[in-house]
Amino acid sequence: MMTSWLPSLITETPEAGYELAVKLSRLAVKLTQPDAEMREQLRPDYAEDADSLIAVSQVVATHFATVAAANNYWRG
Amino acid sequence: MMTSWLPSLITETPEAGYELAVKLSRLAVKLTQPDAEMREQLRPDYAEDADSLIAVSQVVATHFATVAAANNYWRG
Amino acid sequence: MMTSWLPSLITETPEAGYELAVKLSRLAVKLTQPDAEMREQLRPDYAEDADSLIAVSQVVATHFATVAAANNYWRG
Amino acid sequence: MMTSWLPSLITETPEAGYELAVKLSRLAVKLTQPDAEMREQLRPDYAEDADSLIAVSQVVATHFATVAAANNYWRG
Amino acid sequence: MMTSWLPSLITETPEAGYELAVKLSRLAVKLTQPDAEMREQLRPDYAEDADSLIAVSQVVATHFATVAAANNYWRG
Amino acid sequence: MMTSWLPSLITETPEAGYELAVKLSRLAVKLTQPDAEMREQLRPDYAEDADSLIAVSQVVATHFATVAAANNYWRG
């Protein structure tokens, strides 16, 4: 039995929340392009391109907003 | 009688919510380009292009924000 | 007397809400390019282009967030 | 004395709210490019380009979200 | 001692809120490209390009959403 | 032991909140392209390009929305 790849949006710290946002950003890419080898080939196309890196950062920002709201902004 | 393709935004788990966000992202493409064969032809244009995959991920992030809010972030 | 093209954001179902989001996305295009013939000419430019279809999907996602919030996510 | 170009975000109807969102989208362009003649020259660049029209629609969607929230979604 | 360049998100009117959103949009550019002369050189690249102006308008829309929420939409 | 790079979303002032938003924007780039030398090489690609600077500003705007909400808009 597979374990869930997204058991919860709740994290202990903002830092862990940010890492979850990064993971959520990557998930959509995997679901759209399931071939791991192809994804590996594409890596230099975005990891060495300023505009692509900014676009990745935009996706992370959108997911981080969701994760932060889920955690009530870790106001404690 | 057709069944609804979007009966509810409520899902049992965050993972199912993410999958719904992916489905919501694809729906707009289908409604704008109803020809399934044409969509199939376009598939390599985005599935093998880093920037397109990032853009898909951005759409999923926007829908996931909505689905997560609908589910009160699955806070349980 | 013209009837309103946007009498309400409230819909009975999520599906009808999604269709309203699609309609809201197209409205801005009509208001910016009122010439129907020109819009028809532009149609292949986006309906047969993967990146344009993804961009359309992004606009729909943004409007769907608004419509879903208006309907309190059809929580029932 | 100049009258305000944005006295309120409150509108009577969703339709008027959408029109306000279109106005808000255009305002930023005017403030960034105050030369009306230049703006007129640029008009065909976006009004006859599918991707530009979609981008305009995205800006309107973002402002409409704000106006709709301001009006409590015209729930009545 | 320097005065703060962002003492508050609260403004008296929607119009002043919009102007603050424009200012917030420009701040990130200044922090990323601190060289004022370089920024001046880049000005025609966006002020005379329709797609760049639309992109500026998108950033302003995002900040305006924040400022409007901060001011409880100036509901009065 | 490493200290956290994101201990909290709470800041004393809007200005400090904006600076945190800039930091959050850059974090995703670092996590996607961990090679500092490569990032340095890419710097002119975005710092001297108007559209890239606008895109950076968009990411900052998205994070600032989150930080501002976390701080209840510093309403005091």
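Order of writing sets the labels: A, B, C, D, E and F. Residues in every chain begin at 1.
In the analysis below, a residue touches a chain if its C-beta (ideal position, glycine included) is under 8 Å from a C-beta of that chain, and two chains touch if they have at least 3 such contacts.
These numbers were taken from a predicted model, which means no experiment stands behind them.
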Interface residue identity across copies chain A, chain F - same or different by half: different
Interchain centroid distance [CA atoms averaged], chain D/chain E, Å: 16
Computed distance of Cα centres, chain E from chain C, in Å: 27
Chain B and chain E, separation of their C-alpha mean positions in angstrom: 31
Two or more partner chains touched - positions in chain E: 25, 46, 49, 51, 55-56, 58, 62, 65, 69
Sequence of touching chains round the ring, chain E onward through chain F: E, F, A, B, C, D
Residue ranges of chain E touching chain D (in the complex, touch as defined): 13-15, 18, 22, 25, 46-51, 53-58, 60-62, 64-65, 68-69, 73-75
Contact footprint of chain A on chain F as seen in their complex: 4-10, 24-29, 31-33, 38, 42-43, 45-46, 49, 51-52, 55-56, 58-59, 62-63, 65-66, 69-70
